[in-house]
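What follows is subunit A paired twice: with subunit B in the first complex and subunit C in the second.
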Partner chain A sequence: MTYLADVVALTRKDLLLQLRARDTLPAMALFVLSALVVFNFALPVEESRLAALGLLWVAIVFTALLGLGRTWAAEREQHVLDGLVLAPCDRSAIWAGKAISTFVFLALVELIALPAFSIFFSPVSGATVAGVLLANVGICAVGTLFAAMSSAGRGRELLLPLFFLPLILPVVVGGVGAGATDDPLRYLGFLALYDLLFAILSWASFEYVVTE
Partner chain B sequence: MLLLAGVLLAIYWAPEDADQGFSQKIFFIHVPVALTAYACFGWAAWKALRLLLKGDERHDLESYTAVHMGVIFGVLTLATGSIWAKISWNTWWTWSEQQLVLFLVLFLFYSAYFMLRFSLEPGRQRANISAVYALFGVVLIPVSFLAIRLAENFIHPVVFTRDGPQMTTTMFVSFLVCLAGTLALAAALYLNELAGKRIDSRLRELREALL
Partner chain C sequence: MIRARQLEKRFGEKRVLRGLELELERGGFLVVTGPNGSGKTTLLRLCAGLATPTKGTLAVEAERGRIGYLGHEPLVYRELTALENLELYGRLYRVPQRQERSGMLLERFGLWEARDARTGTFSRGMLQRLALCRTLLHEPELVLLDEPFSGLDVEGSALLERQLDELRADRTFLVASHEPERLQALASARLALA
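What follows is the complex of A and B.
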């Protein structure tokens, strides 16, 4: 089996699992909708477009966190990871498969969140959509690795937000900047740079994290 | 050896008090401390890289100690920066001071390092995960710096300008002395802490061997 085939097989496994169990995806979708409703009441009456846009990013990051906390649940609870580590494939393929499946979940949730946001608050621009897509790459690349790290410890999901939020701050800056300023390309370029840098780093270091 | 380092420090630190007469004297503490914190994080990442590539367990403790020192100096940077902000702009906190915001982010990130480390069982996996974390931290520094600089554009449309400290030769020299002093202090603390941690882990091994 080639590397690519491994990644495809692992991604398929995660997507199938989600399709059968349906535990994470509906929870994420409901969470993002409720968060938007709460924000509506948290904002002042004469809310600005920019404030609402910022809150959209808060909602996206927290929804991603909710999903990421569950990414390795099956691996830990059912001891899937022990089998995967023994499988004759490159270990970074496990990370890649997980990151891609998480990306799919997040994109599906945003398919609900973005239209909902434009109905509740203000229409989203093309630059924001591009920013969200680029941000997803970074969130999933980094988040999958750090979720694996936090699930290895006793703290489990409790720890993930602690290091995920400071780490993801540049993504929020890039995403908000893309939607809020007249010069979105600069921020999108920054997001792409972040994605590239941290995806390579996560890809390279995943092997060390799962070594027992 | 530690005593020797301490004596050296006293020599290094002594001329610094003489420099305190300068205006913006906190600059001589704040900036070297900040640079030292960066140096500690960089050192931690270097040790982490060595651990991952070579697999030598002793780099784990070294990397951990360096992060420990980095966080201490990071807190000092936050405190001195905050005092400086209070003096020059009459506010304890300003979001337009990029270094300060960067240090807050780094401080939060590296504080979680300890949480992560203490939640893991000691051993190979903990060493690896801590090392990966330290590596991410050092990549996060420039990326966050860039991000905070970019964020200035929409958070603070007006760029906060202030005249930096005028660097005359004497000031620059004393600045260098302070920097060397702080680095030496960090190195001494690092060695001290490392020795302590080594004894600690050795003791634990012995106790386990006894039981």
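What follows is the complex of A and C.
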């Protein structure tokens, strides 16, 4: 219960920070809308639904990357991570709180992105929505860990995409597959398995990331 | 409470601490002095567990949640108020009756009136006072202070001196300072880093 209370307190803190600073969320929303508008003009009218679906995932992944780049900004700029790391709480709670708040931001942005995609391209199926939600878990689990790792070093803007994009490739495969095939359950199952595996790995390894 | 043997810390090629021997008994008050770059901050970070030694041994007889660390930065969120910051730390540090304790410290350090203001609007001195509240919030048994008088005005400095005097009886202190004369009356030992 104490662990959960820590995670809730840390998540609440991140949501409150974003509510007050209002920097990352509007930028993510604007980015995903701009990307979809650009894709709308870039993709030929007669192009298939499958190609458009692929572009939706490109927009989602790069929007997530934009948000993840700012995930640890408050801790980095205000050096608060030292204070959190010294607390007797389980350090993985810091990761969990951050991953959950990132998930909320990404889901909020997708509340704008998915209807916009329906307007510009084609209606979004239930399988795609399920795929997006499951993908968010993997993106946030892995992305939060690698954002923490890259935020400690120099050249973090370069390091994060280099770490993150190769690892998130299975999420894109699963997400596109779920929306494009007649058997989405196979791909959704694959996404759930990826989420479980990488959430456990990220949760367990965060301790080592924040120790010098 | 703290025992260091042949302690060494390197950052790449740069050696910050070399062959340091240190012994601080429980209840002691050690003042660390030295010029910029002599390793005062590094020593405090090592004792806090925020860094690991390159060579040698360092034993600190205080659990993670029983150390109070005041660094160069206040370690607070600028978008949160003073009270919200302390309540967050209070929860994470398992402080019983954290609201009362936060309020009491804010009052003691002259920040009660500013408790609901975001810390991003605070002056350097107010941030230092808040950082001291954060450091002492969980009643640590080992207190590590890095330049605690930095940014404080005359009143704030006097307040801090009084607090240190009160707390000295049942806590162990390791204080890095460029103003050791302020701590002369409290210090049980001094360590000069070169």
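Throughout what follows, the second predicted complex is superposed on the first by the 211 of 212 C-alpha atoms of A that agree within 3 Å, B and C clash if a C-alpha of one lies under 4 Å from a C-alpha of the other, contacts with A are read in each partner's own complex, and residues count from 1 in each chain.
The working rule: contacts are C-beta pairs under 8 Å (C-beta built on N, C-alpha and C of every residue); 3 or more make two chains touch, one makes a residue touch a chain.
Because the structure is predicted, anything quoted here is derived from the model rather than measured.
Asks: Who wins on subunit A residues touched, subunit B or subunit C?
Replies: Ranking subunit B and subunit C by residues of subunit A touched puts B first.
Asks: In the overlaid three-chain picture, which partner chain does A:G174 touch, first (subunit B) or second (subunit C), both, or neither?
Replies: In the superposition, A:G174 touches subunit B alone.
Asks: Where does A:G153 make contact in the superposed view: on subunit B (first), on subunit C (second), on both, or on neither?
Replies: first
Asks: For A:A87, select first, second, both or neither according to whether it touches subunit B, subunit C, the two together, or no partner.
Replies: After superposing on A, A:A87 lies in contact with subunit C but is clear of subunit B.
Asks: Check the residue A:R20 against both partner chains and state whether it touches subunit B (first), subunit C (second), both, or neither.
Replies: second
Asks: Overlap the subunit B and subunit C contact sets on subunit A and report the shared residues.
Replies: 211-212
Asks: Which positions of subunit B touch subunit A when the two form their complex?
Replies: 52, 105-106, 108-109, 111-113, 115-116, 119-120, 124-125, 128-129, 131-133, 135-136, 139-140, 143-144, 146-148, 150-151, 153-154
Asks: Tell me, which parts of subunit A touch subunit B in their complex?
Replies: 50, 142, 145, 149-150, 152-155, 159, 162-163, 165-167, 169-170, 173-174, 176-177, 180-181, 186-187, 190, 193-194, 197-198, 201, 205, 208-209, 211-212
Asks: So in the complex, which bits of subunit C are touching subunit A?
Replies: 48-52, 63-65, 67, 69, 71, 73-80, 84, 88-89, 91-94, 118, 134
Asks: Residues of subunit A touching subunit C in their complex?
Replies: 2, 5-6, 9-10, 13, 16-17, 20-21, 74, 78-80, 82-89, 211-212
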